[in-house]
Structures are given as structure tokens and as C-alpha cells.
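Read through the structures below before going on.
Look at the two complexes coming up: chain A is in both, with chain B in one and chain C in the other.
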Partner chain A sequence: MGTAVFDLHALAPELILTGVAILILVYDLFIGDERKWTLPIVAAGGILAAGIPLVTLGLSDTTRSLFGGAYVVDGFALVLKGIFLGASFVVLLMSAQYVEEGDYHRGEFYFLLLSAVLGMLVISSARDMISLFVAIELVSSPTYLLAGWRKRDLKSNEAALKYFLLGVVSIAISLYGMSILFGVTGGALKFTEIASWMSAVPSGSAMGVAAMSIVLILVGFAFKIAAVPFHLWAPDTYEGAPLPVTAFLSVASKTAGFVGLFTLVYLAFPAQSQVWRPVIFGLAIATMTVGNLIAIKQTNLVRMLAYSSIAQAGYVLVPFAATTREGSLTAETFASSVTYLLIYTVMNLGAFAVIIAVARRTRSVEITSWSGLSKYAPGLAVLMTFFLLSLAGIPPTAGMWAKIFVFRSVISAGGLANGALAAVMGINSVIAAFYYLAVVKKMFFDPAPEEDLEAIPVPASLAGAIGIMAGITFVLFVIPDVAVRLGYGASLV
Partner chain B sequence: MSAIETWALTLAVFLPAAGTLAILLVPKKQESAAKVTALIATGLALLAGIFIALRFDYSNSSSLQFETNVPWISAIGARYHIALDGISLPLVLLSLLVTFLCVIYSWKHFPEPHNPRVFLALVLLLETGMTGTFVAFDLILFFVFWELVLLPMYFLIGVWGGPNREYAAIKFFLYTLFGSAFMLIAFLAMYWKAGTFDIVELSLNNPGFAKSTALLVFGGLFLGFAIKVPMFPFHTWLPDAHTEAPTVGSVLLAAVLLKMGTYGFVRIALPVLPEAARSWAPWIGLLAVIGIIYASLCCFAQKDLKRLIAFSSVGHMGFVMLGIATLTPVGINAAIFGMVAHGLITGMLFFLTGSIHERYHTREIAELGGGMLKKLPILASLLAFISFASLGLPALAGFPGEFMSMLSAYNPAPGLSTGTFRTFMVVAGVGTVLVAGYFLWMLQRVNLGTVPERWESTEMHDVNGYEYAAWIPLILLTFICGVYPQIILGVTDGAVRGVTAAFGG
Partner chain C sequence: MRVGRWFAKGDGLPSYFSQYITVALIGLAAIGMVGFMLGAGRIIRPSNPSADKSLTYECGVDPIDGNWAQTNIRYYLFALLFVVFDVEAVFVYPWATMMRSLGKSGLVEMIVFIGILAMALLYAWKKGILAWD
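Here is the complex of A and B:
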């Protein structure tokens, strides 16, 4: 274990990203409109550059601990940072044309995007309450602004306001819980300290207070991942925000919330599973079921995907809720959640990239406007089908493995309650297939509109984003071992 | 084993999938190139199947042959384990043959909206899924193949199907998906207990579930397989799917897809959970005979020829399930025989219905109005021949399977109530009379009588070359299997005795 207080190598990704973000802000001031197209290239370059130390850190294969253990670069941090950087890179590809065509402040857009990514890198390594809180704020604040980026659009305003108000309230609840915990543990901040305090304290009033604080902290993060019943902001925000931002929120921001949950549950509160397990058990079932049921009724594709992403978060929660007879957390449950998140990120981004491509033509994300898409844009229709099938967990896509891994980890935990949880998830995946296929039906079985049926031109960067996501979704179907290994590599257990 | 023997089975399974990719690379305009590609891919796969059949060691049909067993997803312990035994072999050959014939049949018979390229690509993908299911000996691999058939069939029905195709397609999809979700959970429960996904190992060393858990796990498998068969009361997707599907889709659905369910019972549910199977068997038998009677009664009420045949499928699969439920060698041999026979006969019936529809542009029995023997003598004769096979005329393929199935119910495996199963036998016997009844009535209404006025002046072409090419193998096999049932029973018997050893008797 590295002991350096300030390990430059370990912090290199964050430092590079900070540098590039500031560079963009300054660079944007000095270039004219005709050169603004270079901004996404600089941002993408920054993300790729930040990926380089990530690779070298991965190769060096040592856990680095900084600031007295408050900031750790281990397998978990590296895998999650990789996911974040990859997802942001793809979001940049999706944004480039979109931001250029709209009337946006481009420099600030990319600056805020990179700032949020920076927050995500920090949260992956955060191992005490303060860095966790700072990181989640760093993720959230820029995204509040990004959600309202279409400032002349009322829906976008509503999106930002709802997201901001509920986000702030939720994080305040978490903070309240953290402060109680700080008091009751006598000043413990680091997850390891909290964990050892929790396993040492037998019961009594202190334990009651601690249990309350655990629930409060989790509620804040349940808002972030849009778990039912804390999901109300998500559909409106997703619908109103610019599409690339929606994509970003639905994968990267959600994953950041999960990272907080992972580290809290597995590192800070492992000894108190009897407190948080029932909570997450209920959240998982409610999130899957409510998300899927409401998604069926949606007529707007983005709202449908918003509810779908709520349901998907429920699947990720399922392994958390799986109780082993010994009550211990296993590497398998952990890995299956991470693997699911990884694959979900890929397939959901892919679906949003196709939506952006099609919306350039249809100017609408109503499902009816996708009628007969296969007649005039067969490629996009096939790719959208591919991503939707992956979300539904049907071969030949990586999404099938994501579901199988989650099922497997829950069943392996044994017991009737877990069997029931798996059954609920099974029924849910059938419900989900129904609404995903409704879109497929629209695209393939329904007639195309009468007017012009020219092919839809797709900008190169967007085509790249779609291609990369489709490629990964298929490759991970053929060799899922890669995803599982990353999941196990990230395990905190 | 020579290199070719090692690869033969993998080739038979994946050549069609390779064909799918090849077809999609064919330029859009060149439809005939796409057809030739499909013919070559299915033809080569069939040749690989014939090669396997020739090299198969029939004296040793209970042991796995042409086996490949290599690690696949090491992180979860899934392996690429494919092989053949006497139970798989007839079903694999059936899938390979029927798909090949479907490609020939569709040469001139593309339903609207045409687009042969995509149509054939989907058929080929379907073939990989079907064949793979019958040779997979790893539960995860089995599941992947099982799920792989969903998508192509969904599109075949949804794009090329009849007026109510969208409803039928989604119903088919969701029903199967619902079953397979529980099947997967059952698979994973087995893995959790036994630590392996290997079907052979699980059959040798059954996972030691507590009695109640075993019943639940069997229930998961039951849902998955029974929906696919389909057994009463899970059969409601089938008449819709069959009626709406394009001809080739119905043929493949009837001839092969339904067998995946019954095969699942024989290959996985019975050998891995013998104790639970014994407890479930009377209920399975009960649902099977209810299915026979119910489906036959429904047949009497059908106005649409294709829907009638679809319901008759439910009845025939009831006989197959009754054979399986007896847990005896005779019963399971009968079941496998019944699967193959139903594949040949009902596949053929759907081909005929398709061709009739193409000529009359209707399938309503009342509108056809009779006199087909005069109007289209060859087609009508074939319909009569295959209907007689289907109603179980001795010396044709329909007879041995159903007869043996009822026979086996007279003497079910030890531990099962003889009285119950003999009652089932009697009920099934009544069913055979009903089956004969509705088929003869259908023939009377379609074939006999005079040609109605509206068809008098319509020019109709009797059976054409492509149809002959696609149908002659099926007709010959229907005859051969009926006269010499040993051709199938000789292959299956050894393997079936391996399965039933656990049930004694």
C-alpha cells in the first residue's frame, strides 16, 4: 500500500481533468465563433489524456491511499473512473453536433460537463464523509445548470428547477444523517472508522441513532439514483434537459449515486446490514416494479427511457438486497452490480445516441413519430432495436448477461426471500420487454409517414458514439468474461 | 475423433448463423444471391447433420457423441458444452431438415412485404437457436440458444404475418419470456446447490435440494417448458402466433419450436429433479389430457383452417406430454417419437395451408367451400394423406407415438398412481376419437363436394416444383416412420433408458 501523502500519479487523472476544464474556460474567451468547433475536441482530448494515468495506475496494480485514507485509488476506483471517463467521452461525441446546432454557450457547456466528470472521478476514490459530500456536490451542481441549458424552453427550465430543488433537499437530508453520525460516533469521518465503531457498539440508544442516520444518508443517495419513491424528479428532468445531458444524467450521474451507495454500504455500514438491507430490499422491488409499470404508459420516448432507467436502477439494487445466510456481503453480489452498471451505461448511452440522431430529423421524441423508421433509416432502426433488446436483456446483446449475473448473485445468496426477489425481477423483465418492444413494433411494423422519406444523415461524431456502443454491446455478449472480470476487479469485499 | 468429427456439430449449429451474416452482406438488390446463400448455409448445415447421423454410434446411443466441452465464461462457470445422444439426434436432424425445406419452399412464396433478404436471415438465425437448444449440455448455453429463437420469430410474425400480427408477435414473445425468466431462476438455483451448469453432471449427481425447494425449482422449469410446449392452460399464445405467422414461420414453430419445451422436460427437468418430477407427474398428466380434449373440442369450433391445425397441435403435444408424465421408457420413447412425427406432419399441414391460402386467398373453411379434390387434385390428396397421418392412422407417423403414449399410461412408473394414469389413458383414448372426428369433418368440408361457383372460373395452379421439392421428403418420412418406427425408437431407446433409470421399473 502506497503511503505517500500526496501521490501525483494517483491524482493525475483528476489533475489533468481540472487543468483541461479551466483551459476550456479560458480558451473559449479568446476564440471567435468560427473556432468554437474545436472546444469539444479539446474536451475529448482532456478526457482521453486523463485516461492515460488511469491505465498506468491499473498496470502498477497497487492500492494507493492518500490523505490518511480519505482518498483511495484501488481497483474499485479505477474501474469506476474508467466507466465515467468512457461514458463522458461518448456523451461528448453525442453533444458536439447537438450543442453546435443549438443556440448554446459552448465553452461553458463543456466546462460544466468536465467539472461534473471531475466530481465523478473524486467520488470513486472518496473514502470519508467529507470527500464523499464534496464529490457528490461537484457532480450535482454543474448538472443542475446543464439540465436548464435550453434556457428559452419552459420544459428545460422546469427540468433544471425540479432537479435542483429536489437534489438540494436530498443531499441536505444525507448531510443531516452524516452530521448525526459524526456526533454519535464521536467524530468519525472515515468509512473505516465508522465501520469499526459500528461493529464495536453492541446496541442501545447510540445504535438507534446510528440506524436513523444510516437511513437518512441512504435516502439522499436514493434520490441521486432515482429509486422509487424518490424518483419524481427524473422523468420531468430527463424530458426537459437537452438530450445529451439527459443521456449523461441517466448513466453517469446515476452511476455516481451508486458509487456513493457502494462505498457507504460496503465500507462504512457493512456491520449494520440488518438496518439498510430491508430498506434496500423494499427500494429495489418498488423501483423495478413502479418504474416498469409507469414506463408502459409513456408516449414520449425520453420519458419512457427515464422510467426504464429508474427500473434499471432497481435491478442494480437487487444484489445489495440479497441476504446471505451469514449476513455477509459477497464479492459476487458486488461484482454483479458493477457489471450491470457497466453494461447499462453502454446500452443506455447507445439508445440515447440513436434518439439524438433520429430527433435531428423528426424534431420530436414522441414514440408515434418513430413510426416506420425502418423504412427510411433501417440502420438506425436496427441499432435502436439492438440497444432496446439489450435493455430488455434479450440475446444477442450484453444486456442478457447483465441480467443473468444479477440473477445468479441473488440466487447464490440462497433462501426464500432472495428467490422471491429474483422472481419479482423476472416478472419485471417481462414487463420491460413489453414497452421496449412497443418501440420496435413502431419502427418495424407500422407504416412510415407519407412525407419525405430520405435517409437520415448522421454526423460523424454521433455515428462514432453509436458505433462504439453497439460494438461494445455485441462484444460483451460474445465474451462477457471481460465485464465480469472488471466487476470482480472492482470489488470492495 | 478426427478434426471433422470434432467440428461437425459446431458447424451444424453455427453455419446458419454465419449464413445470416453473409446474407446481410449481400447487396440489397440481389435477392437471388440472398436466396442461394440461405440455401447453401442450410444445405451445408443439413449435410453436417447427415454426416453426424452416418458416423453416430447407434449401439451406444445413451452416451454423448461429437462432444465439445471447453471453458466459455470462466467467471461464472459456464462452458461451451455441446454434444449429441439418441434423444438429441432425431430432433437435430428434424430442425436441420425442416429449415432447409423452408428455404426451398419460400423460393417463390415470399409473403408481403417481401424482402427475402431479411426474411431468410431471420430464418437462419432461428435455425441456430433451435439446433443449438437440442445439443447444448450447459444450462447457460441452453438458455442463450433458447432465448435466441425469440427475436427472429417475433420479427417473422410481426413483419410478414397476417392482419393481427402485432398482437400475435408480442403475445408469443412475452409468454415465452415470462416462462424463460423462471426457467433461468431454476437453472441458477441448481447451480447454487450443485455448483455446476453441466447438464450431464447435474443428471448424474442431482442437486440435493430439500423436498419443498425441489418442487419449487421444478415449478420454475415447468413454467419455462410448459409455456413453450404449450400445455393447457398456457397455450393461448399458440393459436394466435400460428394463425398470424407466415407459412414458413408456422412450419418452424410447429415442427421445431414447440419441441424445445418437451425436450427441456426430457433433457433437464426429469433427469436433474427426479423426485420432484415424480410429484409433479400426475399434474402434468392431468394438464396433458385436459389439453387433448380441450384442443380437440376447440378444433370443432374453428372456422379458419390454419387455426384449426394450430389447435390440433396443442392436442398432439398433449399426447407427447402424457408420455413424458408416465416417466417410463415406453412413454418417453413415445414422446420423442411423437415430437418428430408431429414435426413432420404438422409442419406439412402448415405448408399445405399456406399453399391453399395462396391459391384461394382465404383460409375460411366455409369460403373454401369444398370440392378441392376436383379443383386441385394433388394438393387435396396431400391434405387428405397428411390429415390421416395426423389423426393417427396406423402405418403413418402419427400412430406409433400416440399409441405408445397411451399404452405407457396403462403402466406408469413405480410410485405413480396406476388408477390415475389409466383414467388419463381412457380420456386420451376419447381424445383420439375426437381428433379423427374433426379432421374427417374438415376434409369433408374442404376436399369433398362440388367446386363452389366462385372458384369455378378462377385459374389455379396445382402443386408446383418448389412445393414438391419441399414436401416430398416430409411425405416420405411420414410414411417411413409409420411403417418402420424402429428408425426413431432404435435411436432414442438407449438414451431414454438412461433418463428413466432414476424412476425405476
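Here is the complex of A and C:
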């Protein structure tokens, strides 16, 4: 780029989103209540506009490195940014009606949402400890506020407070680890520097300290992705937060935590896989098993999906933990994690969109209030079944391929430990199918509680969100190559 | 880390065990330290509880009323606004000393930064926080 300080093209998505976020904040100040409905349109326009440079960057097909390698726009960054922008666009569709019906600050909702999305774009490109930290804070801070957005609702306050306190503690633990690593490596911040230091120093006291810092950093990110035993905030926060925010947290915010994990273990710590692999191995098994077992007992649909999303995070962790015979990291394991994340994002958002639509009528997310749904809302019941089948990994849905890819990547790595991992995952898929299908049974075979069989009106934006997600879930079942190719395109290995 | 090295050289243990010894030792040290401080305090200190000691302020003016003291919420809002200018000062000061060497791009960046902060002030103003009544 010659003399230019930075590559404006590479930063265009972030710059556009920043501009639109500020625009919304100011625009909201100067318009009356009668024109507030334009806010989500501006926000959606901003997200779509930020997607345009993403496409042109993808077509130009060059890796762009900015700020001395601290900020990189490569295949991984582009694919993940695409997932984030798509997911937040759908969350916008889901929230437009919801936000309009609650008499709370609307402009701020969209401003905070876009700020969090901006953080997600930054985290996809962050390649040094400082940008990673700033980005994860940029994701977290607005979501703390969003979780407490219904400020007159005690549950929402509880959600925000728990999320805030545990989030702050977890990032503090990560920061502690980062500071130790900074000291022991003699001031390395960039992932490439850390990686070369780690492969050069074989063992001894410095490596022991580095091992500790790796564990501490991973703990912070395990909180973000709600891996067991760092999951305790998730169910309460998901239950109390406004439903669109819950959907946002369970996919986008979780994926942001995974992005941090991807870049850290594959770019900064690849030489020390014997340190972090046992940790992630344990996390994956605990997360899958505990998440699924507790989900069985839930009577509240959102809490059930909260535990299910914990378990799903466990499946994404599985390829990380797969040990290949040479101990190296393969593109296949990486791609299967990204593919799983992509498909999980789609199907989970779809499930939440249906919940929002039904909760407008039932005013409750207790599973019992869903009984007999197929009698008065057959369309929504069928779609919910479709998303639940996908989450369980049953055809004809994309969720099946997601599970198969993860399975295959673990099994093809070979070995006893990987076999055990695959077995645990298989057992968990069966457990998960039980509680997903229990909801399906409620919807189709139980009588409606009050014989009030009026159809549920679904706002156009919400119907659009459900339709898009259902469409993608089905299309990815028919042609899974798309998701796989995106996964391989994102590979950092 | 002497112990770690001993394990790494010794009887063919996988090397990550030796590295985890550091993690375990630090964990034990953290637990031990808290346990020691609380435990030692419990053993050493005399225990004579009395009603006076559980007052909020043991000496000085006797506390009156309950512990539920309310302050005007506006002070909180002004404290938040103060942060805006605080952050500005933190960044503008070092920039001012380096202004010449940073040149044009430094100036542009500072204008953008102050512009974003001004947005906070505009926000507060439009929301009616600046008016005291």
C-alpha cells in the first residue's frame, strides 16, 4: 500500500459499522417516537453495507496484514466476519418487533448491538494479545448492558449482573495469564512471536511458567464459550436476558469466544499442544456430558436451550482435543470446528426465532405451555421440530453433517484417546436427542392447555428470520460442501 | 523450577506432567496462602466480641438511621460525564507533547477521537442530563 498508514479496504467493514453505530446513536436523539421504527432499518442497512467490502475482500483473495501483523485479514477472518454479520442481521430481524413492543430505549439497543458486532469483526482479525483483549472487551461490554436491557425486570437485572461479574472475573484471569506470558517471553505480544518463542524453548522453568499462563488464558476463554465447569452464568443469563439478546449471546458471543480460542491455540500456542490439549480434552468431555445431562431436567425451554448450547460448545471443542499421531494440527480438525460453529449458529438462531414467535402468544417459555402447539400453529411447530432435529443431528437437517464432520475428524486422527472422545460424543448425541424430541412430543401429541386455538400472528421480520434460517439449514443438508469449503477456507493451519 | 526439571529428566514421564507441576504448585500456593492467612489470624487474634465493635464506625459520631442512604442520582450521571473528560485528558496530554513528531495523521486521529467523545456530550445534552432541575 506504499505510504498509506493503513489499508482502508481491509478495514472498511469495521469503519462502516463504526460509522453506522454512531449514526444510530445520534439519529435516535433527534427523531420523535413516531419515527423510531426506522432505527432497525438503518442498523440492518449498516450490517449489509459492512458485508459489501467483505465480499470484495474475499474476491481479491490476498491476505492483508496491518499494523505490523497485529491485525490480519485472511480467509479465517473473512469467513468468521461473514458468520458474525449474517448472525447479527438475523438477530436484528428477530429483535425489531420485540424492541418496538417494550417501552425501553430503542436507539441504544441497536447502538449496543452494532458495537458488539464491531467487536466480533475486530476479534476475527486480532493477531496479538492487545487487539485480542480489546476486541473481546468490545464484544462483552455492550452485551452486559444488552442482557440487562429490560431494566424493570428483576430477572433481566440478575442476568446482566451475573454475566457482568463472571465476565469481568474471567477476562481478568485471562489478562493475568497474558501478563505472565508477556513477562516470560520477554515482551512478545504478537501470536507469531509467541509461537516462535514457544517452539524455540524446549523445557525448563520458563516453559513451566508459560504452561501456567496458557492454562490461565484458556480459562478466561472457557468462560466466554460457557464450557463446563465455567458455565454457571449461562443458564441464568440466557433466561433473564431479552430473548433476541439471548439468541445473540448463545451464537455470536459464543462464537467470538471460540474465535479467540482458535487464534490462540492454532497461531500462538501450536508448539505447546501437549499443554493445552489435555485441558481442552477434559473441557470437551465435561462440557458435552454435564450440559446434556442437566438439559434433560429443565422445564423452561430457554434454560433447556441454554444447557443445550453449553453441550454444543463441547462438540465444537472436540476437534481441538483430537490428538493426531504426529501431534500436529490438521486442517481437517480445524475445518470441522468452524463448520460446526457455522451450522450451529444457523440452527440455534432458528430455534430462538421460533421461541420468540410463540412466546408472543403464550407469554411463557415453560415447556408445558408449548403443548398442543401443532393444533393452533402447525407451521411454527413443524419449523421448531426441524430446528430441534438439526440440533440433535438427525436428518434431513444440516445438523447431521455438522456432527458427522466432527466425528470423522476425530476418528480419522486415530488412537485410543480420540476413540474415547468420539464414544463420549456419540453417547451425548443420544442423550441430547431425548430432550429435544421430548419438546417435539409435547408440541404434537399433548393437548393444548386452554382450548384456544387461534393462530399465532408472526410479524414479517420475524417470519423472515425463521424462513432464512430454515432455508439455510435445509440447503446445507443438501449441499454440505458449501459449509465444508468455508471451513477449509477459514483454516489457519 | 527445580521440581519440574527433576521430573522432566527422570523416569520418562511425559513432559507435560512436568509443566503441569508448575500449574499445580501455583494453585496449591494460592490455596495455601489464603488458608494460612485466615487460619493464622483465627489462631493468633483474641476473640472478645462486643456490641460496640459491630458498629459501622467504632469511634466518632454514633451512626443514626439505617444503612439505606440515598443520594441524588444526578451526582452519578455527572460522575459518568466526568469520565468522558478524564479519558480525553489522559489521551490528549501525551499527544500534545508528541504533536510535532506525530504530524498530520496524529492530528486527524485526535480529531476523530475528540469527535467520538463529543458524541457522548451531545448524547448527555439531548437526554437532558446537563440541566439541573
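To be clear about the criterion, the second predicted complex is superposed on the first by the 487 of 493 C-alpha atoms of A that agree within 3 Å, B and C clash if a C-alpha of one lies under 4 Å from a C-alpha of the other, contacts with A are read in each partner's own complex, and residues count from 1 in each chain.
Definition applied: a contact is a pair of C-beta atoms (placed from the backbone, for glycine too) under 8 Å apart; a residue touches a chain by one contact, two chains touch by 3 or more.
Note that this is a predicted model, so its numbers are computed, not measured.
Taken together through their common chain A, the two structures put chain B and chain C side by side without a clash. Looking at the shared chain after the overlay, A:Ser412 reaches chain B, while chain C stays out of its contact range. Contact with chain C, but none with chain B, is seen for A:Gln274 once the two complexes are overlaid on the shared chain. Geometry note, superposition on chain A: angle between chain B and chain C about the Cα centre of chain A is 150 degrees, to the nearest 10.
Annotation for chain A, partner touching more residues between chain B and chain C: B.
Contacts of A:Leu437 after superposition on the shared chain: chain B is touched, whereas chain C is not.
When the shared chain is aligned, chain C comes close enough to touch A:Met212, but chain B does not. Shared-chain residue A:Ser179: touches no atom of chain B or chain C. Once the two complexes are overlaid on the shared chain, A:Ile22 sits against chain C while remaining clear of chain B. For the pair chain B and chain C, the least inter-chain C-alpha distance in the overlaid model is 25 Å. Chain A residues in contact with chain B (one complex) as well as with chain C (other complex) do not exist. Those residues of chain A that touch chain B in the complex are listed here as 389, 394-396, 400, 404-405, 407-408, 411-412, 414, 419, 422-423, 426-427, 429-430, 433-434, 437-438, 441, 444-445, 480-481, 484-485, 488. Chain A meets chain C in the complex at residues 5, 22, 25-26, 29-30, 203-205, 207-212, 215, 274-275, 278. Of all the residues in chain C, the ones that touch chain A in their complex are 1, 4-5, 8, 14-16, 18-23, 26, 105, 116, 119, 122-123, 126-127. The touching residues of chain B, counted against chain A in their complex, run 73-76, 140, 143-144, 147-148, 150-151, 154-155, 158-159, 165-166, 169-170, 173-174, 177-178, 181-182, 184-185, 188-189, 191-192, 216.
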